[in-house]
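Structures given as structure tokens follow.
Paired with subunit B in one complex and with subunit C in the other, subunit A is shared by the two complexes that follow.
For the complex of A and B:
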């Protein structure tokens, strides 16, 4: 092996619940797997931890897998390109190199769906999970008034984290109507460990059928205007955490040529994608919470290491959590009114300062990009492209190298001796 | 009576032709199906090129026309008169620079030779020890997709219709779906897309890669091109790369360029990209540590001699060609459009039109 090329039998992308479960299955089989994640710490979104925030108990055995040889863990490592089948171009803070694999399990998770509304780019406005991440990263919230809004059970988790960090949660607004949220809560007993969520959903201050129509402030957030039952009122606050659920991260899968379906990576038996030797598990195949992600990760890990019977034995558990995922999706379906919140001058693309009106006149994403520069900034359209998909129904473009912003030097690696044979 | 014209293609060349026709009072229907072409992929460097007298005549003429438009161009067209620095790595290349200066001067294009130190002062990000550069202050940059859209919007009497052209025959145009249109003048300006309509045309695709960085304002201020660029641009086989970097008004660095023949595969090719970047890093060492955010490819429509085809189709009266602009179509679009209109309306063009006559590639020679 030289500096430019590294090999492994099994590469697992993502160290969230799905990736860690796949890694555990691989470790049991003694397979030399590599787990790669662009975050500096393992745990993915739900088990994100940091100073003062230890990882939750159920996460610990899975996290400890990462320290078990022959498994290798590459934190803070980004995937830049898939230059040829079986090879990824990657970089960390120091260097770029080629990583060859025989089998690949994609556990890329999901990201938040941010939709534009007046004031959404003001300092003090973040995503719902993003606020959690900031807190776990050490951001103090003591004494701050926080509004949590948007959609999905993540609102509750985020509000709990904010309270834990000393904030006062002055409002929790769920866009889904009360009837749907109630039906969701009444069904939760069917899944182990979810009953507590039902209690939280019934908590005072949690208001379904309500959403933030505008964030107010000049240089930073000062208040929000909230619509409930057709009436709008103003609520003073220091922070707003707002997101409308999650969308699967499919860029890498799509670059590898894996088929997508309804915005998620399409998988069949054993979590196989349409590409030979490539599996996908967890929220990149559909949003459904960490329990579903864990089952799928384990199934993928077992299948990739040839333990098909053990994988098949998990079918019942898998189906149960898939039913939960369906329930989740149906209950928190987006109200079409949410897509109408932006005013013509509301920014859609905050990297390039492009308004919703500028983009709306175009016939598709590629055209809008070309003429308005929206999506051309450093976030590579991750935010505005996803929003445009929700607002205008435009499909995403084909991902190209660099998959994420990467050093020019890394893109030069492919030519420097790291190619072909090694 | 008003002239009725159809222009096929709303890239920079079609847009310039439509605007020029409208200026002469014609009613213009522009047809484009939005598939896109070189205009959306290119670099938008407006540059005086001197590989042969005809190329210099057309680029110089066009640069003057761009300068005339400059005051009207809205900010989204991102026109900047940044000038070009043609970089000389050593004394031998510096001699080439001096030769270039003499050629440009013959056509009235001003330029200035810079020594090692002056170059280092102007562009400190460049590697130390370059012999010098030739500065061409009249060169500029523009964001071509916005300029093309603006040219169509500002012209009176121009209608843009989304439609796919399936066939052309003289003054007749057939759209996908079978609808037929006719006009006094039909201009074929759909870039490499013309090859599908008139397969005998001497056009080949020349693929190019480009890459853009995140914003790093103030690092580079001119368009930087190695003097060896022209040599790379004229290879007719194989893959070549040359150093060519543009400072976007956003502070991003747009990095080129590569040339490959006879592929229509749109994929970014890692090996070609890597070669191109290695070349760029050789000139701008600190570029290695900057973040790239996007890479893409585009296709230049190339003729055998590198000059565009401007004029009436030799066998199809009423069908006018504005094709084959290779790697210079953004620069040459306004000049091409004026020249073509002069020929259409029987006026004397301001530059000699013969080097661009479509009939110059006799049948069979269209290799």
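For the complex of A and C:
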């Protein structure tokens, strides 16, 4: 053991609902687990908290698990590479090092599906969960006019956070048609705690079957053009929060060789992936909300610590929330019109400033990358590659190291003899 | 607390992210793109890299960095 190498029995990637639930299960078994997360505060996206925004009640006991030894919590830590089985190269603000593990639970969560439309690169335009995250991080919104658009129940949560921060929500536009939203709302009574969501869906100002076709402004957002019932009108606003649901973060799992299925990490009994000793739980295995993530995280934690009977006892609860996830996906299916919003000159790749027209003529993602540099910038195609899948049906490429921008000194760890026998 | 954005002192509340602090400086822009467009924090959760800035001499994401007194933040690009 030296400064460049650290060991643990169980490594949990992600400190959201799934990761924290897995960590709690590990703590009960007295296993020395490490929980690693790239955010400065735990909770993931759904339990994000900050000044003026306390963590929600169900999150509190799980968050307090992180302070209980032998568990170790590494905030602000990113995974750069997976050089060989059982080893990850990681870095924090100060240094890079190799982290060896015997078992691994991936709770990498999901990101937003951000799709191009004219004006989407203007300052003032963000994702939907993004606006919520920025506000919980302390971004002031008092007195601002906010439009929330895109798809999924997150629109309501984001609008509520914006109002709480003193903004006026001047419009909420859901691309799914009223009939689908209504069917979703009518079914919500079947899941505990979801009835309030049904009431919010009936709120005035929430408009299904509508979407933003363009964001207007020169150096920053000034207004949006919204299409409702085939009619387009302009709405003055200071901010637009727009995203079309969530997509699983599968890059690390893919790099580790885990099988994917329909854009999510494939798991079997006990949340096992196709790779021995690697489990996955929560939204990286399929988007379904924090309740499903918590059950899956707990099942993974119990299985990894050998408590198979306890894990099996959760099967009923697991199935119930999986049914909710299916309902969610069916209700907020993407209207093909959304994939047509970008104009030829709209940028697809925000890192390398590559337009939709430059990319559209190619036969696949790999060819488009080689010829245009799209997806080769700092985000490594996490935004434009995901958008290209929705726009052109192209499959994602295999992720390569470094998984995220890293310091040269971190890559220098390979020269310290950290890999192989140490 | 005071942080410095492009060498200008900005008073910000404690506990907030650098991405949030940009709004206190009057412009939420974090960088210029390779063709010169203004960009601002976009995904809010460490994915899109639009908020990459020079923070105390290192390239870091403003949305995943908490402000510290005296922090030096520079817009990039």
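Just so it is clear, the second predicted complex is superposed on the first by the 422 of 422 C-alpha atoms of A that agree within 3 Å, B and C clash if a C-alpha of one lies under 4 Å from a C-alpha of the other, contacts with A are read in each partner's own complex, and residues count from 1 in each chain.
The definition used in the following text is that a contact is a pair of C-beta atoms (placed from the backbone, for glycine too) under 8 Å apart; a residue touches a chain by one contact, two chains touch by 3 or more.
Source: prediction; values computed, not measured.
After superposition onto subunit A, the modelled positions of subunit B and subunit C are compatible, with room for both.
Of the two partner chains placed around the shared chain by superposition, subunit B is the only one that A:401 touches, whereas subunit C remains out of contact.
Contacts of A:193 after superposition on the shared chain: neither subunit B nor subunit C is touched.
When the two complexes are overlaid, the chain among subunit B and subunit C that reaches more residues of subunit A is C. In the superposition on chain A, no contact is made by A:344 with either subunit B or subunit C. Looking at the shared chain after the overlay, A:336 reaches neither subunit B nor subunit C. Contacts of A:127 after superposition: subunit C is touched, whereas subunit B is not reached. Once chain A of one complex is fitted onto chain A of the other, the partner contacts of A:143 are absent, as it touches neither subunit B nor subunit C.
Judged by the touch definition given at the top, the superposed model places A:83 against subunit B, while subunit C stays out of reach. By the touch criterion defined above, A:412 reaches subunit B but does not reach subunit C. In the superposed model, A:45 lies in contact with subunit C only, and not with subunit B. Closest C-alpha contact of subunit B with subunit C, superposed model: 7 Å.
377-378, 405, 407 are the residues of subunit A that lie in the contact sets of both subunit B and subunit C, per the superposition on chain A.
Touching subunit C in their complex are the following residues of subunit A: 38-40, 45, 50-51, 76, 93, 111-112, 114, 121, 123-127, 129-135, 137-140, 219-220, 350-353, 377-379, 382-383, 405, 407.
Of all the residues in subunit B, the ones that touch subunit A in their complex are 34, 36, 40, 145-146, 149, 162, 211, 213-215, 255, 267-268, 270-271, 273-275, 277-278, 280-281, 287-296.
Within the complex, the subunit C residues that touch subunit A are 12-17, 19-21, 23-24, 27-29, 33-35, 37-50, 52, 58-60, 63-66. Within the complex formed with subunit B, the subunit A residues making contact are 81, 83-84, 89, 363-364, 366-367, 370-371, 376-378, 380, 400-402, 405-409, 411-416, 419.
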